[in-house]
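Below: one structure in structure tokens.
Naming follows writing order (A, B and C), and every chain is counted from residue 1.
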Amino acid sequence: MPDTEYSRLHISRANGVATITIDSPPVNVLDAVLMREMRCFLFSVRADESTKVLVFQSADPEYFIAHVDMTLIDDPHAFDEFVRQAPAGLNPFQAFGELLREQPRVTIVKLTGVARGGGAEFVSAADMVFASEGRAGLAQCEALMGIIPGGGATQYLSARMTRGRMLEVILGADVINATTAERYGWINRALPAAELDGFVDRLARNIAALPEGVIAAAKQAVPLADLREGFLRENDLWASLFARPAAEKLVRGALKADAQTKDGERNLEDLLRRLDL
Amino acid sequence: MPDTEYSRLHISRANGVATITIDSPPVNVLDAVLMREMRCFLFSVRADESTKVLVFQSADPEYFIAHVDMTLIDDPHAFDEFVRQAPAGLNPFQAFGELLREQPRVTIVKLTGVARGGGAEFVSAADMVFASEGRAGLAQCEALMGIIPGGGATQYLSARMTRGRMLEVILGADVINATTAERYGWINRALPAAELDGFVDRLARNIAALPEGVIAAAKQAVPLADLREGFLRENDLWASLFARPAAEKLVRGALKADAQTKDGERNLEDLLRRLDL
Amino acid sequence: MPDTEYSRLHISRANGVATITIDSPPVNVLDAVLMREMRCFLFSVRADESTKVLVFQSADPEYFIAHVDMTLIDDPHAFDEFVRQAPAGLNPFQAFGELLREQPRVTIVKLTGVARGGGAEFVSAADMVFASEGRAGLAQCEALMGIIPGGGATQYLSARMTRGRMLEVILGADVINATTAERYGWINRALPAAELDGFVDRLARNIAALPEGVIAAAKQAVPLADLREGFLRENDLWASLFARPAAEKLVRGALKADAQTKDGERNLEDLLRRLDL
């Protein structure tokens, strides 16, 4: 599909770098449309040898990808196509993350705002993440909805930080700011807001300009961890919690309390904790 | 055993959080009594579904758990009961750590002072550790007694930091302050002293308030590493060094030089290095 | 070979600590002579029970080991002896790193300047690294020469940092300063320049003074990772890139543009990026 036909993604290309700007107001919820377009792009770029580096950013400086669309609770078939398309052993959200993690291109997330849940899992599946100090944040807030992350976070985070920090992130369910995310190993670096664009642009251009074969060799020199067993375990645990009444009640309560609006998302964790079921 | 019958532990419970205050003056040495009571508590809480989170703290802001009681050298049978009770393949100190590490509850250490040796191993066996900047410290000072850590540290530290940092901790044998411990991955975070209580209290309450099943699922999603082979190797190495004359001489020298007193413990490392054998 | 007969190494010994000062002007290039002498020293010290700790430093505060000698391109047989001596499955540069990594002694690098390429791999193969804030730097700049690191870096770095940071180091190919290297886990600590000597001297003396058997036990308690499969993969990828014309052109271009001189090395990365082939 031509770059100009995406409705939620703006794609620009220069010197081997494709910059993908996510633009799905009000808060870039990961709904079926955004997921379909991103999936389509990630598939197409796998075969595009002229593109060396992918930089993902958000049109909204406050939100990168909010999280998976909560209205899915009322439209359980919205993701059916993704279930059918997912490789054996992966649920559709895990398959989505793996499509990013297994890219032959170098994938970089430039994070200026907040990414939660499935949005944070997308971030964790990228090769590199650079985030804006004092502004960017990452959260796996699924626990506040009665579930655990089900799109790969338990496995991705375990590869990046100690088990104790992973448990703090998942069970504490708070937004982790860029500085702490750097210390925990979740991201490459937290950078001053004013330096982030310049740093990522230069890095992406430099990598795209490397002689032929270098990117592929570096990626192959340290193969990706095989996470299939972990994904199965994560999915089983996630699915059994999602089937309980608490999860549905919490999600419905959150939507009624203005989740998925610009205001409601500002402190989604407190919104979820205050729900009176 | 009822909470009020412990002599070295004060236990308070509220909202699913049990707070265990270690109080064994002068410096919370890990002697047979403290070990027995902690063991008893950790066993009982495994079956107590109403308790979700355990917070361990010390009544003495300067010392968390000093280290294993050095007078054991004159009472080699003091720990016999623990030898009998330890699962196959674990020495009693490893078994003690594993009783904490394998808790189904979420275990949090709030560290305001220093923990050395077996005390530091207790800290490392907890799920999460938050420590007071400028005050808290951790040390594996066993090398200065002619041995290596024998209660799990070689394995616990290797899961949390690079091998080079682990070797620095064990062979350098100095107190590692909270800031460095955070950088090394030994603890979750170093926090300003004034914020530590509030941070841990809020985190513990939030986790205890999570919907049913979430804690268990998060813990199961990333199973504990199997450390049995490492424990066997650690124990063999530890035991062969402990059998040498140097260890006994150093421990006796340390006791004579006021180890296990409030003053002597202030700089236990220098006390041990100055011993003239 | 007696300590005084080395031409590129100054070796001093005191209290169980051997201090090895690399002195091969103008920038400590890792040429066949330096490699032969270091190899000879590392072999001899394996059997020297009286030496407990090795501290490596540079006579030039600006450069530790620049990188492997680029003039190798015109003298392809210069390293033949190392090829013959390398254990099966290792190329000569990997074998060189392993000779350091597998030392029974405690190995410490004191880094005041920059180490790139094979020099950075030497640093990564040491047990511990302490570096000068604001002055020291590490770089795997091989990508700018059309290759990936071939002397162990892909494996050594993967054991010390997340895959995303390893890819940033190798593909970004920039100098990583001491502070970032500490955060990434590449080194133990960045220290203020004025404190570095005192810190390392004290640590080395303290470790060398430990009772008999403690060093060996600590090193054995957590065995070295088996990297053979990774080394084979790294070498295959490195060799296939090195055989392409780009690598030779870039190396020749760099030498013509004053690489391997004090000035040319100051910003070797930009020098390489500006080459017009």
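For this structure, a couple of remarks:
The criterion applied here is as follows: a residue touches a chain if its C-beta (ideal position, glycine included) is under 8 Å from a C-beta of that chain, and two chains touch if they have at least 3 such contacts.
In UniProt terms, the chains line up like this: A, B, C = Enoyl-CoA hydratase/isomerase family protein.
Note that this is a predicted model, so its numbers are computed, not measured.
Rotation angle for the C-alpha superposition of chain A on chain B: 120 degrees, rounded in steps of 5. Residues touching across the chain B-chain C interface largely differ between the two copies, under half of the numbers being common to both.
Separating the CA-averaged centres of chain B and chain C is a span of 36 Å.
Chain B has residues 183, 185 in contact with two or more other chains. Against chain B, the residues of chain C that register as touching in their complex are 106, 126-129, 159-160, 182-183, 185, 187-189, 203, 206-207, 209-215, 217-224.
Partner chain B is touched in their complex by these residues of chain A: 143-144, 146-148, 154-155, 158, 161-168, 170-174, 180, 183, 185, 230, 233-234, 237-238, 240-241, 244, 246-247, 250, 273.
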